[in-house]
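Okay, so chain A shows up in both of these, paired with chain B first and chain C after.
Presenting the complex of A and B:
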C-alpha cells in the first residue's frame, strides 16, 4: 500500500430518495467528498435529517449511492459485487457500529458466540476463533463472565463494547460509528470514547465518527465534516472548526453546545441569522 | 392470535377465547398434562388399550359403558376405548405431517417474500391471496377427486391449503425482524443472504412461529377429522377419530350416544388443549424478548 494513500476516500457521493409521484426526490446526500488518512479520525456532524447516517450506511454498503465513488486503500468499492470472496473483502474494508446496541446484537447469541461466528466467517479455525474471541472481549474491557452472557443480560455500555468488538472481529481498516455513544449516559460515553481512542492507537484502524454531538466529536476526531441538508458545508481540523467556525450553520451548532458561558439567547439569534442566509 | 382454518371447520366462540387468554396457570398445566397423556397413550396404544381395536363381537353391539367395555362398543361390537386410543396415532400423526409440509413451504415462502421484497413479494402475495380466497375445503375435495381419497392425499391437500396461512404469518413476523439492525449487522459482516435467513432470521422467528403452529395443530386435526368424516380421509377399518364419528352416526339415529360422543369428545378436548397451550407458549416466548 502506498504510504500516502488515503485509507478511505469518498468523492461526489450522492443519494436521493423517491418521495412518490409528483413530489421531488428527497436528496439525502449531495456531492459529499472527503479523505481519511490511515489511522486518522474523521467526525461527520449535523442535525437529524442532515444525511450523515445515510453517508454511514453508504460507506458500509447498506445503502447504494446514486453516484460518487468510495475507495478504500485505493480500491474502489463496487456498487454490486457478488460472490463470497468479494463480500468478505468488503466486510474487512469497512465495519459499522450501530446506534442501538441491544437491537444490533442477535439476542440468541452470547458475547463469545457472537464474536466466534464473525471470526469463523472470516476464515479462523475453531480453536483460533475461540482464542481471538476472548482476546477481543478483553480488548474492549469485557471479561469471562460477560463472554457467556446474552445481550439482554449486559448493560448498555457493555453491549456497545461487544458491538465494537464484533466490528473489530472482521479486522476492518476503517470503522464507522453511527451515533455509537448517543444512547449511553455521559460517564459511559466517556469510557467508550477512551476505549475507541485506545483501539485506534493500538490497531491503527481509521475511524469515521458520525454524531450530532459536537462535544463528543471534539474529543475523538482530528478532522470534522459538517453536514447540512445533505451537503458538506464545512470541513477542516476539528480544533479549528469548533473554535473558529466559518460557516454560519457550524457557528450555530457550536454555540448550541451547553457549557461555561453558554447563552441560549445567542443560539436563538444565530439560528435566526442562519435561517436568513440559508433562504437567500 | 386466532388461527383461521382453511376449511372453516373451527369457529371459536368468545367463551373459549376467554379461557385461552385469561384462564389461570392451571389451564396451561391441565392442558399440557392432558396432551402429554394423549401422546403417551398413542405411543403405547397396544399396552394401554384394554382390547384389540378391531376385534368384532356381533353379540355385543352398542353395549353401554360398563366393566367389560369402559366406554361401550360400536356397531360391530368393537371396544370404543381401545379404538379411540389406537385412533389417536393416526389422528395426531396426520396433523403433524400436514403441518411439517405446510411449515416447510410456508416459512420458506414467507421468509423469501419478506427478505427479497419487490416483485418476489408481490408475486407471493398474489399467489397466497388466490390460495386464501379459494375455499379450502373445496380445494381439498378437488385434489382428492383427482388423486383419490385416502389419508396421504388428504394430508398433502390440507398441507397445501395451510401453506398460505403460514406464509402470510411468517412474512409479517419476518418483515418486523428484518427491520432490526442486527440483520443489517450480519450483512455488513459479509454473511450471505441465504445464511442470514437460515441461520439467524428463522431461529429468531422460531418462538413466534412455534406458538402459532401449536394453535394450527388443533385446526389441522379438526380439518383432517372433517375430511375423514366425509369419507375422503382415513378409510375403514381405521379408527381415526373423524371416521369413528361418522360410523357412530347410525348409532345416533338409534338413540345410542356413545359411539359418536367418545371420538367427538376426544377431538374437542385435544383441539381446545392445543389452543390453550399454543397461545400460552406464544405469549410466554414473546414476553421473554
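Presenting the complex of A and C:
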C-alpha cells in the first residue's frame, strides 16, 4: 500500500429508492465523498433518515450505489465481482458491525466456534484458527466462559464484543460500525468505545462510525461527516465541527444534545428555521 | 404531594432471587414537577414505575407505601385501581410500535382510547382526537388520522402514543425511556411538547431514562438508582456540578458529554443481578472509592440540603464539612479520623 494512500476513498456516492407510480424517487444518498486515512476514524452523523445507514450498507456491498466509486487502498470495489475468492477479498476489505448483534450472529455457534468458522473461511489452518480465535476473544475482552457460550447466553455488551471480534477475524482494513453502541448501557458503551480505540491503535484498522449520538461520535472519531437528506452538509475535524459548527444544520444537531443550557424549545426553533431556509 | 413513594420494598418470587428488586425506595413528585429516575439497566427503574400502578408480577411481596394524589396504591380497591390505571396515571414506553396495533389506523387507536377510558360519545371522539394530535405537534392531523403505524416515523408515533396518554388528562405521567429510541432532534421536539403540556395542565412526570445528561437538563430533581436502591437524590442542577455518590460520578465519567475533552471511563464490572445479595453497600464491588467499612455498612440515606445520598464516605465527608463550617470542637479529630481511614 502506498504510504499516502487513503485506506478508504469514496467519491460521488449516490443511491435513490423508487417510491412507486407518480411519486419521485427518494434520494437517500446524494453525491457523498470522503477519504479515510489508514488507522483513521470517521464519524457519520445526521438525524434519522438522513442516509447514514445507506452509506454504510453501500460501503460493505449490501446496497448497490446508483453511481459513485468506493476504493479501498486504491483498489476500486467492484459491484459485479463473482466467485468465492473475490467475495472473500471484499470481506477482508470492509466489515460491518450492526446495532443488534443477535440478528447477525449464528445462534447455533458458540463464540469460539463463530470466530473459528470465519477464520477457516479466510483460509486459516485448523490449529491456526483455534489460536487466532482465542487471541481475538482476549482482544475484545471475552473470557473462557464466554468463549463457550452461544449468543443468547451473552449480555448485550458481550454480544457486541463478539460481533466486533467476528468482524476483525476477517482481517479487514476498514471496520464500519452502524449504531453499534446505541442500544447499550452507558457503562458498557464506554467499555466498547475504549475497546474500539485500543483496537484501532493495535491493529491500525480504520473506522467508519455511524451514529446519531454526537457525544459518542465526539469521543471516538477524528473527523466527522454531517448528513442531511442524503447530502454531506459539513465535513471536518470532529472537535471543530461539533464545537464550532459552520453549517446551520450542524448547529441545530449540536444544540439538540442534552447538556448544560439545553433547551428543547430552542432546538425546535433552530430546526424550523433551518427547514425554512432548506426549502427556499 | 402527587406521587409519594416511601420505603417501598418489592421482592420477586424465584429460587434464584437473593435480594429485593426494589429496596426501600423513596421518591416524590409534586404536581407540575418532572422528576428523573436514572441508572443502568436492571437497576429497578421500570419496576418502580410499574409498582405505582401495582403492576407487579404474580407472587411479588411488597412492603412500604406508594400513593398517587392521596390514593394508597397498595391498599386500593379494584375500582380505585382501575380508575388509577385507566385515567389518573398514564404510562409511555420506549417502543410505540409495541402499543399500537399495526393493522389499525392511528386515529382509531386514539378515538378508541377516548371512548373506552372516558366514555366520550363516538361523534365527539374524532374531533377530540384531532385536537389531541394538534396538541402534541402533529401537523396535518386529518391526514395522519387515517395513516397506519408503518407509515409514520418513530418520532411521530411517539407523539401519537403521547396524545393517547394525555387523552384522559392524567395527574401523573410515567415516561419509561419514552424518547430513548429517538434521535436527539426528535427527542427534543417530543420533550418540548411534553414540557408545554405539563406546564399548562399541572401534570407531574416521573421521567425514566438511562441518560444522565438528559435527566439533568430536563428534570427538576433526579433520583439515581442502583441495584434497587435510590443512591442519590438531588436538584437536577447539582447533579453534574456536585455529584456526591461515587456511582453518579461513575455514570458521568462514562459519558463526559459533548463539551468535554475527557475520554469515556467505564465503571468497572457490571451491575449485580437479583441473585446477588449484599452485606454492605451494593456498589462496593465496583466502587473506586470503597473502604473496608463499606462492605459491612448498612446503606441508609444521609440528608443533603437538596436531597440525599446513600454512601458511607459521602456521609462522613458531609459530617466533617458541617462540623468544620460550624467550627465545632472536635472537627479536627473527626477529620483526622477520616484521613487515617
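Keep in mind that, in the parts below, the second predicted complex is superposed on the first by the 280 of 280 C-alpha atoms of A that agree within 3 Å, B and C clash if a C-alpha of one lies under 4 Å from a C-alpha of the other, contacts with A are read in each partner's own complex, and residues count from 1 in each chain.
Rule of thumb we're sticking to: a residue touches a chain if its C-beta (ideal position, glycine included) is under 8 Å from a C-beta of that chain, and two chains touch if they have at least 3 such contacts.
Note that the structure is a prediction, hence the values are computed from the model and not measured.
Q: Determine, for the superposed arrangement built on chain A, whether chain B and chain C clash or fit.
A: Aligned on chain A, chain B and chain C fit with no clash.
Q: Quick check for you: in the superposed arrangement, does A:103 touch first (chain B), second (chain C), both or neither?
A: In the superposition, A:103 contacts chain B only.
Q: Would you check which partner chain A:254 touches, where first means chain B only, second means chain C only, and both and neither mean what they say?
A: Touch partner of A:254: chain C, not chain B.
Q: With the two complexes superposed on chain A, say which partner A:91 touches: chain B (first), chain C (second), both, or neither.
A: The answer is first: A:91 touches chain B but not chain C.
Q: Identify the partner contact of A:118: answer first if only chain B is touched, second if only chain C is, both if each is, neither if none is.
A: In the superposed model, A:118 contacts chain B only, not chain C.
Q: Based on the superposed arrangement, let me know which partner A:155 touches: chain B (first), chain C (second), both, or neither?
A: In the superposed model, A:155 contacts chain C only, not chain B.
Q: Which partner does A:139 reach: the first (chain B), the second (chain C), both, or neither?
A: Touch partners of A:139: none, neither chain B nor chain C.
Q: Smallest separation in Å between any Cα of chain B and any Cα of chain C in the superposed model?
A: Nearest C-alpha atoms of the two chains are 17 Å apart.
Q: Considering only the defined contacts, which chain C positions touch chain A in the complex?
A: 40-41, 153-155, 182-189, 191-192, 195, 210-214, 216-218, 240, 250-251, 253-259, 263-267, 270
Q: List the residues on chain A that touch chain C in their complex, please.
A: 47-49, 155, 157, 185-191, 193-194, 197, 212-216, 218-219, 242-243, 252-254, 256-260, 262, 264-265, 267-268, 271
Q: Spell out the part of chain A that touches chain B in their complex, as residue ranges.
A: Touching chain B from chain A are residues 60-62, 84, 87-88, 90-92, 95-96, 98-100, 103-108, 118, 121-122, 163, 166, 170.
Q: Which residues of chain B touch chain A in the complex?
A: Chain B residues touching chain A: 180-182, 184-192, 200, 203-204, 289.
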